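What follows is a set of structures for review.
Two complexes, one shared chain (chain A), two partners (chain B, chain C).
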Partner chain A sequence: MSALSLGGKDAASQAAGRRLAIDLKWLPRTLVLGLIAFAIFGPLANLLLWTVAERWYFPHTLPLEYGFTYWAKVFSPRGVAWESLATSIVVALLTVICSLALAIPAGYALGRLKLPARSLILLVFLIPQAFPNLPVYVNIARFFYDVGLNGTIAGVVLVHVTHGLVFAVWIATASFAAVDAELEEAARSMGAGAFRAFFDVTLPLALPGLMASGIFVFLESLDEFTGSFFVGAPDISTLPLLLYTAGAGGNYQVASITALLLLVPSIAFMLVVERFLRADVLARIGH
Partner chain B sequence: MAGAAFLSASDITVGYGGGTVLDRLSLKVERGEFVALLGSSGCGKTTLLRTIAGFNRPRSGQISLAGRDITTASPDRRNMAMVFQSYALWPHMSVAQNIGYGLKLRKTPREAIAARVGEIAAMLGLTGLEARKPGQLSGGQRQRVALGRALAVEPDVLLLDEPLSNLDARVRLSLRHEIRALQKRLAITAIHVTHDREEAMVMADRIVILDSGRTAQDGTPEEVYNRPRSAFVAAFMGAENVVALKGAADGERIAIAAGPHNNAAAIARNGRALTSGSFQARFRAEAASLSPVLPSAAIPSSATTGEDALELLGTVRQTSYPGGCWRHVVAVGETEVSVDAARPVEPGTSVILSVPSAALFLFDAPQDGAAAVSHAVAA
Partner chain C sequence: MRDRSIGLLLALPAIATIALLYLMPLMASATGAFATEAGFGIGNFVKTYELYTTDILYTLVIVSLSTVIIAALAVAIAGYLTLGENPAAVEVLRWLYRWPLFIPFIVVGQVLRTFLAKNGLMNNLLVAAGILTPLQTMSFLDWRGIVIAFVWKQTPFVTLLLAGAMAALDRGTIEAARNLGASRLRILFEIVVPQVRTTLFVAMVLSFVTMMSVLSVPLMISAQSPTMITADISFRINAYGDYGVANALGMISLAMTMAVAVFYLRQNLKEKAR
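Presenting the complex of A and B:
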């Protein structure tokens, strides 16, 4: 009887020890995850705080006063934010239109190409990305001065298109390659001309990928700084340029609010892209 | 062009890059005829179909339809409809939209399209599925939609590219008869590509057997089955048993000399193109009859001469029951043949195989042996 109770007690203490051991094993993981979360969300939290901080200076960990006066200032009818936002969106939309106008025919042609040639051409499209941006943009700016494109919307759009076209063509190629050529042939066989077959069959089936491609280009254009700076500033002010000016001038509230404005469409579109761009489409890029 | 066929392809040569797939091939199809293009993979049968459909342009030759030269016409201007092996149904369109697409292109009024789609769906047993997307259908149903889509436009020629090869055996068998019945009822001109001999036999009015880009034989199912013009066709039509013989072709009779494993025989020529010397004999497993012999009688002798039948001497190696009849693997000298019989014969028994003249296919022995032909069929 006593032996039994002794044994029971022993088992209970053993179980408790085991539970403790498990907890200890989880500790490093929890710490690592916490650090990662801090690295990702810490700056974001700081940014959010700055957007609502009225007064915040050195020895204080948190703002001394909260309020929305800077929001009012940024979005006042004569504030620069509205203008920059409008410029940014106009530039981004024009960039998307130009990029897709080029990427759809290019992607269709590449998507129907046999494999080795396709990979090679796609690789060639990547080469400009391998060069450092700055010297390229400085030279573009110099050239644009000569032809009068500097400080114009067209100039900035052109720079953004050269940058966004790589993504656009890559994703468009993958989307078109994912559409079986036989589906188009079936339409031809039913009596559809080449264009009709493309618009009735190939384009609708490639559309999700093309939309994702457009969204990527839009976001890239919205975020683009270097090219806009060299070609557009000071005549054209996009949101990243406003952010730069505000940040450089020590106006962290305005900079943070601008940054937040840039962040919102990025996150919203990322969620959309995630739904549109399925893995089987992406997998076609290299195939 | 006197008496030109409804659809005719004359001397067409098609190649990809450096290679030639079709070599000066000609094909004639009459109105309302069901022609099967039969051949092993890589023989060019699908290429021929795609060339007729307009997806490949021939390097030389001419294709005409109802007296009109369509050699360079684009696929949408030929009034042909193709049913693809993969079905190629448009996944973003419903069954009704898939079937009605061709009519929509022809600017048919909406109500007329709906009526025709309903009619086709009823004919193919698809009623009630019109609103579904192809992804929600079974293989057999998809096949019917693909067929319905092609039939809806009432094409001059219906092109079928191995339409049944992706289906279960049971669905395939029933669809065979359905397609054939439909084709007869609607009097459609159809070209059917297949590698399945039985499918071609059951469905077609005429079979064209292709061998590496050329026509090996062109005839009714009964003709190509019973009177193969070459060893290739005989092998493709199931006469897989090969025996080498020697003999002389003389007038209306063919005298087969007694060999180490066969008795002498006299066979009526019956239109066989043969020159004296070495022959290759081919026959089907079910064509030969098998009878056990006493060991003392199993000596070849020129005294017994088979009349209108070839007698081979061999030993049973293996006996199995695949269903319906007993299959025996019989060693005749170096080669092995398979022979069906109603009753099993024990392995090790010496037997006489008798192949009647009507089921015996004789050809001049090929220069490089029979092996090459067997390989071509197996490939």
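Presenting the complex of A and C:
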């Protein structure tokens, strides 16, 4: 009995020793993870502080006064933010509609049908990602200026569609390729027409991937700066353009509030992206 | 045959959009680079060489340095996610590293412009912690700021691709090496990284191209001379309406990315020949 209890005590002290060792092992880990957390959240915290800072100047560590006067100013009925926000959302929605209208038939053809030069066509959709696109935007702006599209919503949407089409086509192709072709054949053999089989069987099954590509195109359009800067400014003001002009004018509060508006959807997307893009779709991208 | 023509018909509108709104302007940029007032010639490139040689080298150094740092950090993070023995630490890191993934460059520019400034939160915290005196603080808003912004934004992207490729590896060889007593560092560099080399190179090339195209970060963090090619192109257009030199600069940035792509393809071919 006494030997047993002694053994138990021994084991307990051993366990305590092990726990201490584990704790010591956590020290470098915690330090490194803490540094990474600071590198990521430090700048973001700084942005949040700027959105509520009334007065903040060197050498004060933190703002001298906090308040929401800049929020009130930005979001006042005649404030700049509403107009830019509305423009951004209209442009992004139109971009999604146009991109998907182009990408769904193309993705179906590339993912399901036998296409001549299929890999060449997929490669063409990759080109906009393979070269710096600034020279392209500069020349599109020049061309749009000649045909009267410069400074119009349509012009900005067209630029965003070209950019978003890359992702839309690749994800749509992967989504359709991941749908079992036999299901559509079964529907056809039971008498469904080609369109019925597509809209009732294939499209619903490919929908999660297509939604992901839609959301991605929406975000890309919302965040796009360079193309809008050359084609849209100064007549069209999207949120990124507002952020740029406010920042260039030294108004860090307005710039930070605009940046926060753009930050929220991108972080939300980062947190949910895996739910939309299933592994079997991801694995087929580029095949 | 009918199937094929229907397929082409379905893909045609998308192809036409890319051709009209991407390939045509790309051609226009190539021809525009050689169009001078005196006709077809290399005048724009001579002018570019005289005015912007420093900026071209500056761009090359910044983007190359950023690519190397991004690759090193991505290998470290993805390596720990694959080989880490503590599930809690792996989970925390997996949750942590992705945050900047979809944050747009323009927001990154604004966030880091305020964070890295002389009176930014980083310096303020260092002063408050007694590490620096207010007089010792300095602004990082020069080439270092641009590199930090690129690394901050692009590391999650490369890590994501790399961690995906590492997760798909056969665990057998890793476990075997571990049983034979190989250290985790050795497993990472001798077994894991060589197998995901292609993914790493592709992610690095994509990152390189992305950084070469970014206009907002150099404009917001350090637009005074020397600056990056993208800022010069924008300045050339907005201040002078000088499409010739702007297109010549564009061609040079295209040539730089082509060089990287060709280097990658040659490495790839060499390996296949071996």
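General observations
Please note the rule applied: the second predicted complex is superposed on the first by the 247 of 287 C-alpha atoms of A that agree within 3 Å, B and C clash if a C-alpha of one lies under 4 Å from a C-alpha of the other, contacts with A are read in each partner's own complex, and residues count from 1 in each chain.
Assume a residue touches a chain if its C-beta (ideal position, glycine included) is under 8 Å from a C-beta of that chain, and two chains touch if they have at least 3 such contacts.
Not measured: the values here are computed from a predicted model.
Aligning the two structures on chain A places chain B and chain C side by side, free of any clash.
The larger set of touched chain A residues comes from C, when the choice is between chain B and chain C.
When the two structures are aligned on the shared chain, A:251 is found in touch with neither chain B nor chain C. When the shared chain is aligned, chain B comes close enough to touch A:204, but chain C does not.
Vertex at chain A: the C-alpha centres of chain B and chain C lie 100° apart in angle, rounded to steps of 10. When the shared chain is aligned, chain B comes close enough to touch A:193, but chain C does not.
Shared-chain residue A:185: touches chain B; no touch with chain C. By the touch criterion defined above, A:44 reaches chain C but does not reach chain B.
In the overlay built on the shared chain, the residue A:152 is in contact with neither chain B nor chain C.
With chain A used as the common frame, chain B approaches chain C to a shortest CA-CA distance of 11 Å.
By the touch criterion stated above, chain A contacts chain B in their complex at residues 180, 182-183, 185-194, 196-197, 200-201, 204-205. Looking at the complex, you find that chain A touches chain C at residues 29, 33, 36-37, 39-47, 49-50, 57-62, 102-103, 105-106, 108-110, 113-116, 121, 124-125, 127-143, 158-159, 161-162, 165, 169, 219, 222-226, 229-230, 240, 243-244, 247, 252, 255-256, 259, 262-263, 266-267, 269-270, 273, 282. Across the complex, chain A is touched by residues 53-55, 74-76, 79-82, 84, 86, 88-92, 101-102, 105-106, 149-150, 153, 159 of chain B. Note for the complex: chain C touches chain A at residues 3-4, 6-8, 10-11, 13-15, 17-19, 21-26, 28-29, 32, 86, 89, 92-93, 96-107, 109-115, 118-122, 124-125, 127-128, 134, 152, 164, 206, 209, 212-216, 219-220, 230, 233-234, 237, 243, 246-247, 249-251, 253-254, 257, 261.
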